[in-house]
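Let me give you the structure first, and then I'll get to my questions.
Note that the chains are named A, B, C and D in the order they appear, and that numbering of residues resets to 1 at the start of each chain.
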Amino acid sequence: MSRVETGAAGRAQPLAGEPLARGCVVGASGFAGALAAAIMWNHPRVSLEAVTARTEAGRRLDDLYPRHRVPLELEPFDADRLASAADVALVSYPHGAAAEAVAALRARGMRVVDLSADFRLADPVLHERWYGPRGAPGLVDEAVFGLTELHRGEVAAASLVANPGCYSTAAILALAPLAREGLIGDAVVDAKSGVSGAGRGASERTHFVAVDENVSPYAVEGHRHAPEVDQELAALGSGARVTFVPHLLPLDQGLLASCYVTPTRELGAADVAALFADAYAGEPFIELAAGPPGVRDVRDTNICRIHASALPDGRVVVFAAIDNLWKGAAGQAVQNLNVMLGADESEGLR
Amino acid sequence: MSRVETGAAGRAQPLAGEPLARGCVVGASGFAGALAAAIMWNHPRVSLEAVTARTEAGRRLDDLYPRHRVPLELEPFDADRLASAADVALVSYPHGAAAEAVAALRARGMRVVDLSADFRLADPVLHERWYGPRGAPGLVDEAVFGLTELHRGEVAAASLVANPGCYSTAAILALAPLAREGLIGDAVVDAKSGVSGAGRGASERTHFVAVDENVSPYAVEGHRHAPEVDQELAALGSGARVTFVPHLLPLDQGLLASCYVTPTRELGAADVAALFADAYAGEPFIELAAGPPGVRDVRDTNICRIHASALPDGRVVVFAAIDNLWKGAAGQAVQNLNVMLGADESEGLR
Amino acid sequence: MSRVETGAAGRAQPLAGEPLARGCVVGASGFAGALAAAIMWNHPRVSLEAVTARTEAGRRLDDLYPRHRVPLELEPFDADRLASAADVALVSYPHGAAAEAVAALRARGMRVVDLSADFRLADPVLHERWYGPRGAPGLVDEAVFGLTELHRGEVAAASLVANPGCYSTAAILALAPLAREGLIGDAVVDAKSGVSGAGRGASERTHFVAVDENVSPYAVEGHRHAPEVDQELAALGSGARVTFVPHLLPLDQGLLASCYVTPTRELGAADVAALFADAYAGEPFIELAAGPPGVRDVRDTNICRIHASALPDGRVVVFAAIDNLWKGAAGQAVQNLNVMLGADESEGLR
Amino acid sequence: MSRVETGAAGRAQPLAGEPLARGCVVGASGFAGALAAAIMWNHPRVSLEAVTARTEAGRRLDDLYPRHRVPLELEPFDADRLASAADVALVSYPHGAAAEAVAALRARGMRVVDLSADFRLADPVLHERWYGPRGAPGLVDEAVFGLTELHRGEVAAASLVANPGCYSTAAILALAPLAREGLIGDAVVDAKSGVSGAGRGASERTHFVAVDENVSPYAVEGHRHAPEVDQELAALGSGARVTFVPHLLPLDQGLLASCYVTPTRELGAADVAALFADAYAGEPFIELAAGPPGVRDVRDTNICRIHASALPDGRVVVFAAIDNLWKGAAGQAVQNLNVMLGADESEGLR
């Protein structure tokens, strides 16, 4: 319908730099997968060799997402073809559907960043409770939880990275500096997300009229990203109870995690500031702001913008804003890919 | 500019019922005042005799707010003229400016509902800390805090009602049933409001481009509505610390208070349900919902829609949704007026 | 999920006035049908006896649309049951599906307002071109095109009213005063609609992310409402060519028709003003505004707000704003019902 | 308030390529000026040496616009200082205020792209009618109207470029291929713009609550961009009357011009397609789309996406979508700067 007629939509986008790897995106018809393809298409040193889709194969990606301007045709999934065309893959299938594709690509020696939840939770019991039986369970041991700032070393060596959920990314980045020091007695995470976080599937819930002029909590009794937060805080030595409640907002991209922490000991403004400055010194995608962040500040970027402070009533509040499709999904996936390839972490992401 | 030419925009809107009182709105050019005027204009038994404005006098209200269709001209404030034309007044001036007008109207025997914060906080020290010196301090003793559901009896007898803030209304209604039973150990209120809550004044903060595709916390170090919540919970016997943080959302009308309570004793789902059912049985403007409320559910109504539940982790969560201009301001003002006049509380509000 | 627990959700809403008729809404799960049910539920003299739905039967309407607060259960369609419970019906089925239901109700003697397009186009060839074969073709002769302001007399006597499309309503009301005098040489109607006009069905097109921060034309080669405009202008004696192009906007309710007319003779500002003032004198739902209307001015009302003027370059422009769900669908349906029942046209609509 | 503490916000952003020129932005606190600064800050071969502001001097640009991440302090305007620091300037002052600054910079030998309207209209009578007396009238003869696609050669040689208005850019690009061939008998341009087009000034009109859920025409009697369209079409040999009416939409960035042309002779689909393909072959920022464009497709890009077709009724319709801040202002300014400097036109704009 909206095929562009100007310009030759060739297969090859010449790389601006020295080739690093040949890549592909499996599941490029969803919001995150399509953005992953767009980022890779413009990456100076990773070429985009193929994009696949389960239901939209045959359609061109720039027809489905004109704004991304990736002039490739979506292919059906074919592991052999992908393994011959590319060295690395970003997999952006729904939970449950990803494991099998990941296994097929790993079996052919490709390094993979998986954007689904299939390999995020190390604990098989926990995984089964939230998602049902895990496909390709043998792979979970080699999977590294890809919150880059926390696991950079492991990611560099990994063959399979489990890219974190969007809510988890913001919440963990907000809480990690406190958790690492055992400072979280108790925490409430009130999270707010734009609609793209709910995916491209059309439903009663993502209909414009349902979201517009509205805000409402959902999954109050428990959201799938909560155990990711627990897992990572526990790994940092914190056993704190975290109450996590997401809300849906009338905006497309953007996620704010408002975190209310009862600290285990009194913390002053200077303590909090120092803690975060130390934790994130030199991080290319963490911004520490002197005032509360807005999601508009990070729209279409891979940045997590954080403001932490100690309130007069003793509570410590931390606000973390990300773009759920970038740092919360496709951007962080490429960040991880860069780390895996030994490249500058921010290549293709600025 | 948009003066409507069809129909005779006469002064008198015939009442549908037996006259109850003659009313006026002081400060009808702001969002809340204009809505108060519109509600009174359509009230079956209270006539709207005059509308005033400080800076827009001479302009017609239906020119300023076509959608409200109130064909009256805004007058400058004249206490004598108002006292001769009307029996009751809704005052919707900014904080600080209201006290003097209220005093002038009270001195002439009019019964007043004041939508400003000038008489909300009984404690003079607290008032001064948040708002500076109080005008007409002698009136504070006769002022009743107009959260109707909590103070119906006092409102009925009052000559001066201090209408609560929008955030306070939602937060207090959400927490009162727990506070009354001493069940709140500690609470976080993460509140989310549409832009009309920031008033009609054009500013960098209310510019469309600043709000659109954005969400951000503000007044993190302390918001003026917090002491209203503390005052009311204390009056119910609760000394609980409440951390209150407001957020600005890209919508016009609507306010959601997400309340996270650490209870003083374990509460099950049935306990929580019973507590709220008892507290709000028969209330015409409280809706207890089986699932999380959205602000869209209460748009343009005086209803507070509440959902309370006990989480598996022991926390009790309560979500309260209101329209900040209705139950959070003008609607509750008329609700209070109805109570003062001995009318059915919901007259003119359905 | 969101069943409200407070208050007894009984079957009967007591009428405020003398009973006029017993009504029902067939197809109450869509946006227009649900609003029609809500308006009827609150109508002072028409009772709402039943609501039906094809796919959501068994669900409560206030569960599907909490904001409408109609505590009835959706029933499967049963013509006998409806004919015994009600005298009149509003049918809000999709095009093609409505005809059969209408026929069944008419066969049982009920008077019907049909919100679909099944009986709008008198010309069978034209109908078939745009919609395919017409169901119940025998009924088309008794159907009256329900643009109330143009066909009030016929509507009063009708047993079957074909309620106009939303775009047609705005465009025809904007152009009729000029068409009637043979003043339209040529016209462009650039129409802009909120998303509720696309219906409740979830699709790629109504997904929040597709509409947000967007505006785009659609159906450029021809939209189904265009022949309704042509039919009605021709009935007024105008043979003018009208180019009609709709656009989708990021808002929920509201429709603006911007009409650019090349007049057949020079018209001055006073001519245009007089023409519209004469045409719509005394109309309860037409507002002639001195400046350009915004759809916000008519949100949640049955009003069509019109501004017409003669430009210096000789063109005549007419802007008509309606709420597509009210005057563009459910509101006008009840307006027609009131006329059919001999009631005040605005009963239940103010 | 939101000063970022991480990272050293140094003065110099190292260039990625061979230096081409040193630049500055005069009036960088408005929406267009700030974006111009951001684009220049990231330009691989033009360095950003200074940013100025009339009222916000002393504030940091990344405090005012966190999302642009330009860590420079806004300076007061000082022509000598700018002339010593930079070779070229983008001036983004309001109409009327720009001329004097432009004159001061030109007097010091700097090449200037002026984003205001001060030098757009060649005809002094016309300029005075729309804007009042022109400042620095002596400069108008050297000014080139900077619609790059139409005046590339002149721009390359120019010392002063008058960057077109946002509406003019879209309308002229939509109509030029037809105008050049004398094919426009008559045209209606119904234009729709996001709120950033109204500038950063807070007003009743740009308040979120005024725009949200709204759409309305404005400046119906005549908009300042209309004479720019007339001037350029006349320069192409077309004397056609163009009726131009802008509308304000609830979105931040984006502009759609819907153009309805009565052609001077019958045109088929293939004629129209060929005309546009020829006119824009090889243009880096023109996209010809097979279907109607949405403004979302061009958000945050310098692209003008066009769809032209011949309707069955003989009318030719052309839709042109741009981002009003990019191709409609700052993006096109840098495009012109690139042309002036002999660089690739799209440097820093992809």
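As a working rule, a residue touches a chain if its C-beta (ideal position, glycine included) is under 8 Å from a C-beta of that chain, and two chains touch if they have at least 3 such contacts.
On a predicted model such as this, the values are computed, not experimentally measured, just so you know.
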item	value
Chain C and chain B - chains in contact with each	A, D
Between the pairs B-D and A-B, the one where more C-beta pairs touch	A-B
Reference chain D; chain at largest CA-centroid distance	B
Centre distance in Å when chain A and chain B are each reduced to the mean of their C-alpha atoms	41
Mean-CA-position distance for chain D and chain B (Å)	45
Touching two or more other chains - residue numbers and ranges from chain B	210, 212-213, 250-252, 292-294, 296, 299
Chain A to chain C touching residues, read off their complex	31, 195-196, 200, 202-204, 206-213, 250-252
Chain D residues touching chain A - in the complex, by the definition given at the top	1-7, 66-67, 212-213, 273, 277, 280-281, 283, 286-294, 296-301, 305
Touching residues on chain A, where the partner in the complex is chain B	186, 188, 190, 192, 194, 210, 212-218, 220-222, 241, 243, 245, 247, 249-254, 256, 258, 260, 262, 292-296, 299, 309, 311-315, 317, 319, 321
